[in-house]
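In what comes next, subunit A is part of two complexes: it sits with subunit B in the first one and with subunit C in the second one.
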Partner chain A sequence: MITDAAGLGRARATAFVLPALVLIAVFLVFPALWTIYLGLTDYRLTGLQAANPQVVGLDNYTSALGDPRFLSSLWLTVAYVGGSAVIGQAGLGFALAWVLRTRRGTVRRLVEGVVLLSWILPSTVVGFLWFALLDRDGGTLNALLGTPGFAWLLDHPLLSIIVFNTWRGTAFSMMLYSAALENVPPSHLETARLAGANVFQQLRDVVFPLIRRHVLTNLLLISLWTFNDFTPFVLTGGGPEGRSEILPIYVYNIALRGGELGLGAAVSFLILLINLVFALAYLRLLRGRRRQEATAAAGGPPA
Partner chain B sequence: MISLHGLTKVFPGGVRALDAIDLTVADGEFFALLGPSGCGKTTLLRTIAGLEIPTSGNIRINEADVTRLPPGRRDVAMVFQDYAIFPHMDVTDNIAYPLRIRKVPRAERVRKAAEVARRLSLADLLHRRPAQLSGGQQQRVALARAIACHPAAFLFDEPLSNLDARLRLEARTFLKRLQRELAVTTVFVTHDQAEALALADRIAVMSAGRMVQIGTPAEIFQRPSTTFVASFIGSTPMNLLPGTSTRGALHVAGAVRAAPAGLGEGDEIVYGVRPEYMGLSETERQDGIPGTVAVLENLGTGVLVTLESGDHLVQAVVPEGSEPALGVRRWAVPARSLVYRDGALLA
Partner chain C sequence: MIRHTVGRLVSTVFVAVVLALFALPMLWLAAAPFDASPTITTSVPEFTLANFAAILDNPYALGSIGNSLIQGGGAAVLVVVLAALAAYALSRVSVPGRDVLLYLLLLLSSVVTGTAAMVPIFELATRLNLIDTHLGVILVVSGGLLPAAIFILKDFMDETPTSYEESARVFGASPLQILRHITVPLVRPGLATIGVWALASVWGGFLFQFILLRDPEKSPGSVILYTLYTEGGAPKLDLISTFSLLYSLPVVAMYLFVSQRYGFRFHGGIKR
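Here is the complex of A and B:
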């Protein structure tokens, strides 16, 4: 077997790869390892420990896991991911893709354009637009609903950021599902319709089995993105009283506002571990499906 | 029985796919819709199925007006060109799918699927996934699924065209016998004239959203009503030669032929002769079309001879072993002929 198809030789090949590897090492691997190290120290932004941090072992981890603020933040994050990514973006994105699937022309282009616009605008711009929308005194929403003085961001902070992130991220799911639905042969749907299947049965029996892999991949990506999303900070800053303080905002608040860099690093590492568990679970689901298909293709269960 | 009255379908953008179609397909009849691509045959089938909504006109299946009913309530089953077998279900579940939607209990469904599968020689494959089946087996699964729900009519959309040539002939015979046994009204769409001739009780030849001719295979083959049908039907295309009538005779590519009644002096006609009904004479004849042998094509049991006659090509099929040599002169003598004036059959 020829492994050196380009005929570069080991030295030149290494020279080509090296710059990229150096960049990855400096900006990705080193900070990650540095964070793990920091998580084991009492490093602070200011004061004595800023100059001379001491290794404190797993103290940061035990204090984080015992901190009710961390646990409530974790719970808020789960609700945020479930509400805005899984139900909001994936659900609404699929619904839009399904409805637009047979539409052509102006209506489709208009809806796609609007949905995409909310995705490509810069976060800070979008944040201030939503601030103007939800503001207590001069807000557009209160003017529309005729509820002057209703403080959306103070009374329903979690709901506000869930709706906000759904609005913001639906475009990705919609585009991914649109592409996936293109792969569903019309004759399969028509066979189901001729058998008398309603829309729910068509989705259950024809569409979802065919696009299952797209659905899983989409859920993996958007839940990871949403889990690590910092944008809600622009709207609520994590408040009031930490009621919208999802994990990335929690880390920011303790590490940079509170100055406890060591604790912040430890929590960051915990977030990384949770992300890993997410990814592994999805990959298992994908691979499990593939193994079943492989078994079936290899001769199936004994008849 | 399926009857269509004034069925018209105009697509957005103005394409008139069906133009005031009137048709009655009798109980148990095997009816073929034949035509080139874009002639509206598939649109007609899909409109009967309820997958397309007609612009005007109505559809009755067994006397019930189904024009506004959704596909699932028309009691028809369709087999698609790509079979549309669900890849994630095994053969049993695929065959029993319409029964599942009708809430037939699981045990009953499995029994019914096994019974239909036995009839289509699929009994050993009930637990296989579609990916493990050959093309012919997949086609029979699609048929089995259509049969399992006992519909009032079968609608077939070119179900044989994805099979290779040899298998297609076997499947054709099988399909015809199955339809005879089940005696279910069947509408079959094809662009293959040989398939339509072989399978159907009656054929409708379609062009540009209209039915050009409806008749039995024998009628369509022997007396195509227009030059379009004449050129479309037959495995070797019919010779269509221009001619004129003068003084009670037809002058066609150098031959003088007897003129049918009803032709005026100087009328322009098209003279149609199937290559199978064209003889070759070695000696000059006044009623023969003179030409030079230009091409020989072996058809197995015969040879297709192409004569070059002035600007025209004239084809004849001769028995194997009796073909002339290339370049020699021959006279093509029609044994059976058709005369068309303005594209329509005269005699």
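Here is the complex of A and C:
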């Protein structure tokens, strides 16, 4: 599959990749390594350790892993990713792509437009919009539902940020899946329908095998983005009583509010490791798929 | 036939509910800027344009939109060009460890761009004399956006057939010419999507702009929005809603332009 169709050659290929890699190395990899180093020190925002941090080895890691606040934050993050990325964004995004696939014209443009708008509006603006929606006393939602004084952000903080993030990010999955669905030949679906397959069976037997790669790419990206998403901070600040304190907000609270930069850096590294597990699982699934394809292709002409 | 009708009905109800859910939070943005005394509640406005006059009087408001344009536009161009070059090379030439490298960078980018690397980024920018410069913001945010951009674009490039490139090569086209005249037109929707995505993320970004820029003359709109409070700390809803609307219009306009002109889609290759 790897060919050098354009005749790039190693040297030119390197020259193409190099500018991006340099920028990434300086502004991404280097700060990351620095963060890993900070995680091994007692670096603080203020005080004696700010001027002269000492290396404390793995102390930060043991104290983070022993902190019940870290563990509860981890579970909140898992619920947040599962609820808003996997079920919310990917589920709703796929449903929209599937339903809109057969529609043309105004309805489709309108729905796609509104969903995309919620994705491209500036995050800072979006924060204010959701405040206006969920506000306890004058919020639009309470006015609509006839539940004045219901404090959504205080009573259901996790649910609020899950719905918020679903609203915010569904566009990406919707676009990716509608692109993927265009590659599913309508004749295959037609055949399945004539054979009496219902929608669920069509999805399971015809659609998913064909778009599996897209599903995996999508799930990986949105899980990573959601896992490291700081935006819910503008809605709840992690509260009340830490009930929506997902890991990125936990890091912010201990590192900048609490001033324990070393501990914050250590937790960031733990987050990186958790993300690594995600990505490895994904890579393995994708590899398995490639091998299947290779075996299938060996038997006949490539698709 | 009945099953078909029921299915159609269910999907119509579903579409209507989704439409309402997604439009609801935006109503406030459409109503409050035109209201003489906006509150947090969405209501039919007492129509006025005075809020727009008031925001224009703010010394930093208009300039901050210009700053956002420089920073967002600069980052979008940088990300699209560098990511396209890198994704093309990675897609066409086999480099050992390529996939692993891409995944590692993607992981790093999603973790590091958060609050985690704030201190190192600030120290780095200070030492490189990038504090209070547009360039500093552009370079820092581009570093964070590039891995995902390369990752997505490589997917596009992998799906474009190489046969065109082979024939162009037979006729003596250089690799850069092939990239420019054959591959770029084929993946143009992908490039447009990445460009809009990059600009929109910088446009709404707050954290790095807040850390790297001290001078309000250089601050983008996303930072200026948080200065529109009274001295007592209460939000000035008239100014905030009006500026929010003004600040949203350029990204919306850009999205409409790009989707009209290039199509805003996640697929590459020839239409099958």
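By definition in this document, the second predicted complex is superposed on the first by the 273 of 303 C-alpha atoms of A that agree within 3 Å, B and C clash if a C-alpha of one lies under 4 Å from a C-alpha of the other, contacts with A are read in each partner's own complex, and residues count from 1 in each chain.
As a convention for this text, a contact is a pair of C-beta atoms (placed from the backbone, for glycine too) under 8 Å apart; a residue touches a chain by one contact, two chains touch by 3 or more.
Remember, predicted model here, so these are calculated numbers, not experimental data.
Q: Just checking: does A:Ser244 make contact with subunit B only, subunit C only, both, or neither of them? Give me first, second, both or neither.
A: neither
Q: Per the contact definition in the header, classify A:Gly138: touching subunit B only (first), subunit C only (second), both, or neither.
A: second
Q: Which one hits more subunit A residues, subunit B or subunit C?
A: Residues of subunit A touched, subunit B against subunit C: more for C.
Q: Between subunit B (first) and subunit C (second), which, if any, makes contact with A:Asn165: first, second, both or neither?
A: Touch partners of A:Asn165: none, neither subunit B nor subunit C.
Q: Quick one: classify A:Ala195 as touching subunit B (first), subunit C (second), both or neither.
A: A:Ala195 sits against subunit B, while subunit C stays out of touch.
Q: Mind working out whether A:Ser73 is in touch with subunit B, subunit C, both or neither, as first, second, both or neither?
A: neither
Q: Considering only touches as defined above, state whether A:Asn60 meets subunit B (first), subunit C (second), both or neither.
A: Neither partner.
Q: Tell me which partner A:Thr236 touches in the superposition: subunit B (first), subunit C (second), both or neither.
A: neither
Q: In the overlay, answer first, second, both or neither for which of subunit B and subunit C A:Leu176 touches.
A: In the superposed model, A:Leu176 contacts subunit C only, not subunit B.
Q: Would you mind listing the overlap between the subunit B footprint and the subunit C footprint on subunit A?
A: none
Q: Which stretch or stretches of subunit B touch subunit A in the complex?
A: Those residues of subunit B that touch subunit A are 49-51, 70-73, 76-78, 80-82, 84, 86-88, 90, 97-98, 101-102, 124, 126-129, 131-132, 145, 149.
Q: Flag every residue of subunit A that touches subunit C in the complex, lowest number first.
A: Residues 2-10, 12-14, 16-17, 19-21, 23-24, 26-32, 34-35, 38, 43, 92, 95-96, 99-100, 107, 110-111, 114-126, 128-133, 135, 137-141, 143-144, 167, 175-176, 178-180, 182-183, 199, 217, 221, 224-225, 227-228, 230, 248, 251-252, 255-256, 261, 264-265, 268, 271-272, 275-276, 279, 283 of subunit A touch subunit C in their complex.
Q: Which of the residues in subunit C end up touching subunit A in this complex?
A: Listed in rising order, the residues are 7, 11, 14-15, 18-19, 21-29, 32, 39-42, 78, 82-83, 85-86, 88-90, 92-95, 99, 103, 105-121, 123-124, 139-140, 142-144, 146-148, 150-152, 155, 162-163, 165-166, 168-169, 175, 178-179, 183, 193, 196, 200, 203-207, 221-222, 225-226, 235, 240-241, 244, 247-248, 251-252, 255, 264-267, 272.
Q: Given the complex with subunit B, which residues does subunit A contribute to the contact?
A: Its residues touching subunit B are 185, 187-188, 190-197, 201, 205-206, 209-210, 296-297, 299-301, 303.
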